[in-house]
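First chain A sits with chain B, and in the next complex the same chain sits with chain C.
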Partner chain A sequence: MNLAPKKITLTEWDERFIELQSAGINQPKYGGPLRRYLTDGDLRLEKLKFDNSPASLNLWNFLLTEEDRLHASRKEGRKIIGTMKDLGTVPVMAYSLPNVTAFYPDGAWWTPCVMEMSSGVLAVADSLGIDESFCPVRAMLGAFVTKAHFPDPDLIVCSVGATCDDFSAIAQRLNGLGYPILWWEILHRRKPERNEQSVKLPGGFECPVGQVEFVESELQRVKLAIESLAGMKIDDKRLCTGIKTANKVRQYLRELRQLTFTARFCPLPALELLIAEMLAIHFCSDQQESLDVLSGLLEEIRKRISAGVGFFDPDAVRIFWVNPVADLRVMNLLEDCGGRICGTDYLFCHALDEIPLDIHPMNALARMALADPMVGSTGDRAQRICNDIGLFGSEAVIVSRIPGASHCALEGAIIADEVRSKMRLPVLEIEVPPLADSILPSLNTRLTALVETVKERRKK
Partner chain B sequence: MGLIVYSCPYVPAELIVAYGLTPSRILPESTGLNGPIDVTAGVCPYMRGFVNTACTMSGVTGIILTTVCDQMRHAKDYIEQRTAIPSFLLNVPSTWQIPSVIKLYISELKRLGNFLETMGGKSPATDYLWRVMEEYTKKREKLRALRADLNAMDYSMAIAEFNRTGQIMHALPGRIAEENKVPVALIGGPLTIQDFNLFNLIRHSGGNVVLDGTESGERTMPAPFNGRRSEKDDSLLELASCYFGHIPDAFRRPNSELYKWLKREIDCRGIKGVILVRHIWCDKWHAKVPRLREWLKIPFLDVDIDGESSAIRTAGRIQAFMETVS
Partner chain C sequence: MIYAGIDAGSRTVKAILLDGKELRVLASGIADQGIKQADLAESLLKDILKKAGINRKDVGKIIATGYGRNAIDFADTTITEITCHACGVHHWIPQARTVVDIGGQDSKVLRLEPDGGVRDFVMNDRCAAGTGRFLEVVAAKLEVSLNDLGGMAQRAKKASAISSMCVVFAETEIIGLLASGETPENIVAGVQMSITSRITSMAGRNITDPVVFTGGVALIPGMDKALESAINHKIIISPEPQMTGALGAAILAGREGLEHVSIIG
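Right, the complex of A and B next:
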């Protein structure tokens, strides 16, 4: 069955799901109607609008069954690694072994939104002294303590150094509660100085060879810990295979982004694209399945593009979005206000870049870790945003502040200055809490004003 | 001589002196409102005060920032984008348990040396850095000895003055008897000059700060240097051991050394209560609050300051705390 692309509510998905079932559509083993998650407490789903394609249904089901997969992994005797903060590097190593599952406990930061605060994870964080002055990633602390969202990892690793203070502080609090953590140092990436040999990193940044060597040595420590836990070596052959699979995921995502950002009619809504991008960092705890999910999405949007169908008017304003939103509903809101996403930096652009295969695999991973936009200067990050704006034809930039995050208080102004001076585009800075319902009217006004500003600029 | 301004205790003054430049580890008068850093929600007032002060004071040749604090790390972008003052970011590792991070810190000191050369400094002869280190060790010995002769605030001011100028104050006030005061520790991040009023608030409430464990105080003094014993001795390694290898802080991962240091000091100084002072938005010290509450066996008070408006509220809280301890 083939339906025109449409954003539908959860209730509309109930009917659509029955139609799909009647039509005999194949569902993966984790498939099913989205409403079951509402019953489990994912209350936010009732306020979201979803893409109506079977491929997006698979994406949502894949995302929302991750906890089940982690518990199943534990039952199967697989080793579970909680990898924190680096967003994309350590899981590539971990998934090179057949008996290891890696996930980001950081991902719990969306739990308060998805469960509309009913999970209690923020209240637990509060009770442990980590209050709302910290980034919503503090939900991770509550998730660890309540043990209600993921099994206790067999190993926890956390990158520290050129990272946000919130995360480092919260992770140390976790450590103080008795969770052993393997800390590894990620350096602040800097430009090579005179007489220093330099390396070009995935994504285009440059840094000195010495920084790559140091980070490689740190990743070696992580590798040894994973090997010791798993009882098997991550040899170069295994790691290369792991990198190739990760690259496949990244290739799918790059294509998905390119097609979505540049098609005349937007083929995939912002919310689904955000979730798809997240698969890059740890494959939602199943690398092979993430490939299948992304492949299905790609097939769907290719079909839509070739049929000349999609979402919104062709004159929808093309927005570059910086930082992930704590409340997923705001991605819907942008589109309701007349915008569409044409460029993103959700803090893990480096997890979308191809990992080099023509060098030693550990060195390649070190380069990737150093390509993280967050470990360098905000000026570097702004430059990458400007480059992507050039590629995708974005017409305005929204910097979405994460409440309490140490970097967010400072980076917005630098990014805005760079974008305004180099790209001559309007920039809007907003702040999105885990539940934005109370500020939706003011957000609506501000997003609409930005959209109108861009449309006025088009006339000149 | 070119003035090199910084705030972080992991920047060795000795290295800057050896390059023929003038180090000045400053404390801002307050949380300065004028300069490249705007007043924005979420911005640490101390960081703003330091950067705005450093960028607007006269005669500054260069500014050194470090990665010890994420907002200080990001402040470099502001200095670069909004001023013409040269700046340098010293990468101070957060981890400390493996030898490679000490090597990294040493390599950063070498890089700092290159920066100092571009600021008009001259690479020192091998002996010279050792001599500067010996001089600083002697001066710090004198500074440490002052603790017995000075009241808490004066001692902390003497440390701040030494950090700013490299000199020990000559006209020192006499010590006022503190027999009936309750010995407390003041710990936490750095203080602005305005924040030194905390010492008076504590004193007026019946307490006496016998340990200034703030970033501005004695906690962040490097260990005394070992003199050069053979030609093979490496001055940068010695600097690294005494600074990076010695100063306990909230940013270290893991941060167990901070607790070891605090326990030792509490035991040997007979401390009856601990007051943690932190600037709002300082996540690393803020997150220590619950852990310290669990860990300490003596009363504990958390004081958050924004540098502007909380004097009366803070006074009330300190008074109530001192009544509990007394």
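Right, the complex of A and C next:
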């Protein structure tokens, strides 16, 4: 059996799966061939290229069986909480209790990423007045209405305030359809005034202590609601244990990123790394299994690095990528054009930082929530991107805009200007719609031109 | 050694033969683009080889660029039009720091390093409003040829305000302007201003002099003045603006050929 790292198509995965089965490889209970998801409507899979490792197979299977897990949770009588517009805070609380499953309904924006238009969720959102002028996260509204992707949660929690305007509007529309939502307010992070006591936040930011206190009080309301639903207390001991488990996921992801970005031969393609990073937000509805999947992936890439094998030439251009893409093929395209991923900011990089354990756990969660790049200034976000560029040695930056996402329209130019002036790197701004077929040739030209530009710069 | 550059653009295909040693253009040609892009490019290459009295086997390397570059199957390799335009413009005007290229169906702004390398670029190929396509639409609507537009714009008393952000809606707006008695000359000047204002918003604040204007649209009289007024920088029209992509491809073919020679030597 050939175990050399290779990017393979879905058809090649069919053959490889048979090889792996014959070799007696252990599969988790959700394991199986990827082809079955195509039959279920995940049409995009046929157009992607995948990493050929068993660890990546587990990652894909884990991602694509989340709906099954949620329905199984419902059957088992577990309490299900939808944690919306929350990039990694409330799920930590929820997973501190043994009988609660948290999930991320916003994750339905991935539905068109793998199902293209076959799921119909965007059309449903259209029919409810949430059209393509909104962020593709509007798919969440369609998913609630069709009930085809996840069971109705027992509790829906959604942050509001200094978050995404699009998402607030979409969640309000959902509320208007009769879904009760427990709103909690997040503040716009700001620097303390001279007379205000300052608090250091994960990621290197700071804010006034009053902001942390306010957010902590908001999170206390959420905590009470979760406790009431679950019928048990989230005491400090439980919460600290939950934080430690979340931190373990974050540690794995940090190591995975560090190794992938800095190894001579890239050990993991951009697409699989993107999916792995998403586990930081909501654990794909199973925190323990997230740890197993990530540790398997880490083991695989450590093996690859120590064997000196990987993808692409060592001279592949090292690209820092900003914002997730709505058409996953673009991550493949980057590599086809001669690039490799070397640094990412998919809007939730704070969820990769460890939650402090040396302070009260609720205070620590409030600090994490305030470290979210979406609740601070774009300048802060750009600064963090510049820091990471320095850390990973990226040679160029791609800012990928999401059509309809209002924050993208405003942030792109600011981030690009900051990177150009501080890091003296070329920056390419692109826009990737959920169906990018018609623009793939022009994206190819832009990505290739960026790669050519960096290679020319290297000669100097 | 002789090198060839082919620029398979969206409206036309261009080819250049270059003396690699002296960096002298030996022959060049241009033809309308069509469905069989490779055949058209091959035929154009044959024509210019014949014109220059050069045998095909004496051509060391061929590089294709442009929108249709991947269709040119007889080329040795492809390089994007961004890199090729930068190289071509730098050859003509070494001090150039900004290149504005407006072609038939796209437009780009390149920022150059002092040595001619690309520092950064922005590109519009999703909206016809900042491209030569807008001029084609207005020429058709006014029933004049593209070549007439420059003279008409120069005779304009005042550029009409074209407020639509989309060529399709702008076409409707033009019909309305004609119906209200606006002169075709003023409308053409207004369209030129509209195209260049799109370039301004694409380029942003970072325009460094000297600014060189290239691409087929640079050949239309008045466009340089409209661009100059929109970006508030003096504009230099590149020599042979339609050919800079093909020229850059030929120069890069020469460089790659020389690198190859030094490696095998």
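Throughout what follows, the second predicted complex is superposed on the first by the 458 of 460 C-alpha atoms of A that agree within 3 Å, B and C clash if a C-alpha of one lies under 4 Å from a C-alpha of the other, contacts with A are read in each partner's own complex, and residues count from 1 in each chain.
Operating definition for what follows: contacts are C-beta pairs under 8 Å (C-beta built on N, C-alpha and C of every residue); 3 or more make two chains touch, one makes a residue touch a chain.
Model, not experiment: these values are computed from the prediction.
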Partners on chain A (chain B, chain C) - clash or fit: fit
First, second, both or neither for A:Arg420, with chain B first and chain C second: second
Chain touching more of chain A, residue-wise (chain B, chain C): B
Which of chain B and chain C A:Gly404 touches, first, second, both or neither: first
Which superposed partner A:Arg446 touches (first chain B, second chain C, both, neither): second
Contacts of A:Ile25 with chain B and chain C, given as first, second, both or neither: neither
Partner chain(s) touched by A:Trp184 [first = chain B, second = chain C, both, neither]: first
First, second, both or neither for A:Leu224, with chain B first and chain C second: neither
First (chain B), second (chain C), both or neither touched by A:Leu128: first
Gap in Å between nearest CA atoms once chain C and chain B share a frame through chain A: 6
Intersection of the chain A residues that touch chain B with those that touch chain C: 413
Residue ranges of chain A touching chain C (in the complex, touch as defined): 413, 420, 426-429, 439, 441-442, 445-446, 448-449, 452-453, 456-457, 460
Residue numbers on chain B that touch chain A, as the complex places them: 37-38, 40-43, 67, 69-71, 73-78, 80-81, 89, 91, 93-95, 98, 100-101, 104, 107, 111, 114, 251, 253-255, 280-284, 286-287, 289-291, 293-294
Residues of chain C defined as touching chain A within the complex: 67, 79-83, 106, 113, 115, 117-123, 125-126, 204, 206
Touch list for chain A against partner chain B, complex: 128-130, 133-134, 158, 160-166, 168-173, 175-176, 181, 183-185, 187-188, 190, 193, 210, 214, 217-218, 221, 377-379, 401, 404-411, 413-414, 417
